[in-house]
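Look at the two complexes coming up: chain A is in both, with chain B in one and chain C in the other.
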Partner chain A sequence: MSTTSTDAHTAGERSWRLALPSTMRLQEYTLVGVIVALLVAGTILKPDTFLTTDNVRAMLTQASVVGVLAIGMTFVIATSGIDLSVGSIVAAAGVAGGLVIDSGAWAFFLVCFGFALLLGTVNATAIAVGRVVPFIATLAMLAIARGLALQMSDKRPISLISSEPVRWFGTGEIIGQPVSIWIFLAVTVVGWILLNRTRYGRHVVSVGGNREAARIAGVPVRRTVFSVYCLSGLLAGLAAILLSGRLASASPVSGELLELDAIGATVIGGTSLAGGRATIVGTFMGVVVFAMIFNLLTQLDLATEWQQIVKGVIILAAVLIQRPERI
Partner chain B sequence: MSTPALLEVRGLTKEYPGVRALAGVDLDVRHGEVHCLVGPNGAGKSTLIKCISGVVDPTEGTILLDGESIAGGSPSAAIGRGVATIYQELDLVADLSVTDNIFLGHEFRRRGLLDRARMRRETTELLRRVGHESIAPTTRVSDLRPAGQQVVSIARSLSHEVRLLIMDEPSAILDDSEIETLFDVVRRLTAEGVGVVYISHRLDEISRIGDRVTVLREGATVVSGLPASTPADELVTHMVGSSFEQLFPERAVGGGRVLLEVRGLQRLPDVKPASFELHAGEVLGIAGLVGAGRSELLRALYGVDRRDAGEVIIDGEALPAGRPDRAIAAGMGLAPEDRKSQALLLEWDLVKNVTLPDVARFQRGVIRVRAEREAVQTQLDALHTTPSDGSRRARELSGGNQQKVVLARWLLKECKVLLLDEPTRGVDVGAKAELFRIVTDLAREGLGVIVVSSEIEELRGLCTRILVMREGELVAELDAAEASELDVLRHAMPGTQQMVTSGASESDAPGKEA
Partner chain C sequence: MSKYLRLVALVVPMVLLAAACSDDDDGGGASSDTTEAADSGGGSGETVTIVASVPPTDHGWLGQIAVKAQEAADSHDDVEFRLLEAADADSQAAQIETVINEKPDVIVILPQDGDQLTPIAERAMEAGIPVVNVDRLFATPEAARATILGDNYAIGVNAATYLAEELDCQGNVVEIQGIAGISVTTDRSAGFSDTLTELCGDGIEIVAQQPGDFTADLGLEVMEAILQANDQIDAVYTHDDDMAEGVVAAIENAGREDEMILTGVGGSCAAFDRIEAGGLYAATYLYSPTMAGSAVNMARLIALGQGLSDLIEPEVPSRIVVPPTEVTADNVDDLRDLCFE
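Let's look at the complex of A and B:
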């Protein structure tokens, strides 16, 4: 009997598919359209300042922190998980690195990565071993990591202005373009290969798509779930380095609501919150769309509180578009 | 016997595209009678009660309740007319109290608030009516034993006016003393004039509680209204029928080396210690009723579920418990009972579904997508999968073709021991014959195959040997070529043990040796 209803469903879907190859591509096409529309709108509204090399560079530099986090978030969401703690981990890792800045830039990088990975591993352990719901585990980490950042820094930003290598991540250039943009691109490319062209990527998506089927097919489900939170933590460490480099300081209140941007970009990119469908290309475009919208809104002198509201509405609209066909 | 019937079903037919679930069922139930309904799995019992209780619209035929047509209504309309149904899986909310469960969805209210006092009073009254006033209305349902929960279920159905009560295998989850409790309740209700349709696989119950019995087979009534005193043996003969389709290729002979050895495998309460061997070139069937523990046996064997005790040895290598990945590495493959929820990623294309357990073999740094696609295509073509295009999504395929995708997965992995759980469920007749041919060919190539199926004919036609499971235990080993369907059913059905004589075709039960 279930076969019957599915058959009927398939038939209906097939006619739909004639027009549109698949929902994922639909979303990606839509995003390309949105980017083009934003370019056009920006050029018309702000002909002198929007589509300039400097502004594009500024947009992408700003987007790189969120972008790095969003690539990690894509892996987490692909397993039907969520990581709410990335913004706080960025702050905590930056502060932890800042505490050892006197021992040199390498100590900063090492501690930054190490501390972020440690916090990510705590998430991973709670979720994969302790079987805590990802939402709750990472919500707790959101509070813990922020608390740690404030406590370790005595609630004061730590200046990194004296460290040339750290600032290089904010101001340096490779082949004439900002370092952080290159890093964002590199993470995107590596993330794409990892997700689409390795066994690990298949495992990640299978765990989110159908956990029982994945297990029966021999996928190490728990190890896979564990790994994505470690990966997300590690990338939060990288984001902390980019952010610290740009600000030339490690602030315990930095990175606030970054998790919202990362999750939002991932979701409007077309990765399904229910798991089983993930797209790095979509996430990349989601990050770019977010960056363009806020750059444009800022240029149009729209207050930041309004920008928040717009951000929320966009995320809601994106989720409405990709909601399941049936419940 | 001129009492007008309470329920009168005439010529009831239900067709799904490609399948006739019901092909002309007649049934009549009198006031105050317990009418038993028996038949093998897939005979149409569930569809019949779904039609009566308004869950499913029949294609043709009439259903009269006290002379009034009720076909094609909704479940709530059926309840309104006095038809109550208690399904096998109790649908109570475990964390709510007895009262809350009974009035769930039709709570009494006073000035917008729940009238808890009145609901509690009514609950006590209902429980008294079924003879269980000892159950406190405030008890949490999860604190009750299964029989107590069943009583609550029945009491809930009585919170509406009930004329006809349908019970789908109510005794399946109860032990013997609890069954007596259930029977007491049923007798109280029939004394009030309520008619009861009682579905059971336990033939011994029929003479204990029933008045009359109707046998279904392949969606049609075989005999209707036999006295409940009809011997179980005779009922089984009615259930078996005689049609034996020529779907089967020449039988795999087995007789190769021992591929798989299972010793004392146990996972209580579903699987009691089981021991058997599987040889290369053999198709081993596992027969039994739904709920006998067959799927659970396969799952524990494969490691999806952790086993409590016992050993699984494949080609001399002992497998750790609860590690499907290790079972796969050792050469085992499982095609689970429910393809959609347990085997496939429906949104994925066929290629990725096929290579999921073994994608590493295509990875040299990164996955060589073209090599992967070509390897999968070869398997899909060899199995005559349609559509054969590997980029189609698994969701778009029919049941039989989805099954082929799962088989392709394990063929690509070159597994040695293949476990098939209900491989033909939801598969049409043509595709069935094809699957049988594939399975037999694989056995000829030296694989060992274990097939769990509810279709006894299938096992008889396909297998080398048949193991019969009953209530978690392996109770018999039969030679598939010689065993009759009757032999298998006799072993499989609880309550027929006394009829089992030492027939020529049966050897000692492996489960009893342990």
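Let's look at the complex of A and C:
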């Protein structure tokens, strides 16, 4: 598991390099522990319906939307940034695609991706070129994208029920498993390779670790920062397609607070909000933990307040374990 | 010359308004104000200014609230109308505070939260500006001159009665609620469970009760998990037509649409279409946003000091409760005009 963590700290910080993997391992073991605990609890409390193939499938399908966003978020947070706008971009991209659904499914996909990428690029430009703090730039985009979604849709959901290809993303299967799960897994694998096995990945993490050092070491800092917000936007477009497929409609009020789930999953996974440390496997497990909590507590018919409390406690516990080992 | 005329035209109503307001302060009793207003209302050409304050109109139903209010205002030549949206209870209170200083003739308020906005509505009333309360009830009667609202408890009662009959008092029912903790949700839920118990005893079991926050997203996710947990579901009672779209998607994605029937609330045209098509979506209960249009009309009549035309009383009634008309395959055609997009 330690290979999944990418260490930012470049030359001359050998002690860090040695210290980090054990921490990461602890973090990831913790999440594995949480997943096992949830599986055991689910199996005891809901023996017939929790650990079934169908339900595991349902959980992963539910995880896919947040999951795709969280992979993008991992790259953003690795650069010590944040993207608060992804939930709104999901709604705006879905609606933008919905507007052209009469021209066919390809128009939907193209516009959905294109619009999400466009909004992501606006974030990127504001942050990398305009030097706006990521929190503020993406907070502004959170409002703008939601406003655009409402404006473009005239505040009404757009039905996509007649578009088979769009529906396929929500209900279709590849080799017996839901399409959205395959997409989630594919994005995770590509994200892992990109972060851990490419020069780009090293750049991303080094920018978050020590920007000045990265600059001196010849990392194209601005371009790297620019790229992660584009990536996050693009993945929001993909999330919009997954969500629209399942809902058979594009709603301007969809995706609310998805950014918080994506950030939460990333952080409990072990990616540091301070940047310079990122783990895709951790993010994946974080997303799965959230999906399991939601599924189990809903199956148990517990009130949502309990879901919120449990989720909050898990985030807090995970972050406590992750607290900076060196200040 | 015309400039002066315009100035006069501007000043005269303002003076009249100021006079009316001070009358209010002195008079206190509603009847004396009304007679006076009625006198001036008889003369044509007087403009009534109405300001409406509502939550963000992004949800299908709230979106239509804005539309219906505007339509009603546009249908009168003598109404000057402005609609303000507020993101939360605090900003709505601040907004109404500002509006009070502008001294419109009437304020129409659909509060974020009836309890939280009661003090500010009372202040408007004390300042001599009548308040028309829509949908979510204020905590005290002093906070509004007139109220128009749907009957959320009756929605639950009607839905339970309908499902009890359809299921012969036997089976498993799922309830997908609105936003947890607001009176709309509590009332719709209480009416439903009280009536099911009353009619069927233990015959019908509510196997899951989860909030879907009035959004299709959450309706979908919650229903997906509930479908996993329950092998046999006979009916689903949802608190909102828009949210029900997500619930329906979950059921259809799972291929279980023949196993159960579903009811909604609101009266969206999408729900009407599904009811007409038959199958899963069996019924919905009108909770029509037209009540916002009625509220604007009531506001105008209050300002003009007139009563409702078919009622004998000289004033607008203090409370109007809109019944939750049941829409099923039998009457969906007749009620088609009432659905909202």
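Quick note on the criterion: the second predicted complex is superposed on the first by the 300 of 327 C-alpha atoms of A that agree within 3 Å, B and C clash if a C-alpha of one lies under 4 Å from a C-alpha of the other, contacts with A are read in each partner's own complex, and residues count from 1 in each chain.
Rule of thumb we're sticking to: a contact is a pair of C-beta atoms (placed from the backbone, for glycine too) under 8 Å apart; a residue touches a chain by one contact, two chains touch by 3 or more.
Keep in mind the model is a prediction, meaning the values are calculated, not measured.
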item: First (chain B), second (chain C), both or neither touched by A:Ile321; value: neither
item: Touching partner for A:Thr198 - first (chain B), second (chain C), both, neither; value: first
item: Partner chain in contact with A:Ala140 - chain B first, chain C second, else both or neither; value: neither
item: Which superposed partner A:Gly218 touches (first chain B, second chain C, both, neither); value: first
item: Touched partner set for A:Val253, first chain B, second chain C, both or neither; value: second
item: Which superposed partner A:Gly209 touches (first chain B, second chain C, both, neither); value: first
item: Residues on chain A engaged by chain B in the complex (per definition of touch); value: 1-4, 6-7, 10, 13-14, 22, 193, 197-199, 202, 205-206, 209-210, 212-220, 276-277
item: Chain A partner contacts - residues on chain B that touch it in the complex; value: 16-17, 19, 21, 47, 302, 304, 324-325, 327-329, 334, 336, 340-348, 352, 355-357, 359-360, 363, 366-367, 369, 393, 395-396, 398-399, 409, 426
item: Residues of chain C that touch chain A when the two form their complex; value: 57-60, 63, 180, 207-211, 215-217, 220-222, 224-231, 242, 245-246, 249, 252-253, 270, 341
item: Footprint of chain C on chain A - complex, ascending; value: 46, 49, 52, 54-55, 58, 61-62, 150, 155-157, 159, 170-171, 243, 246-249, 251-256, 294-295, 298-299, 301, 303-305
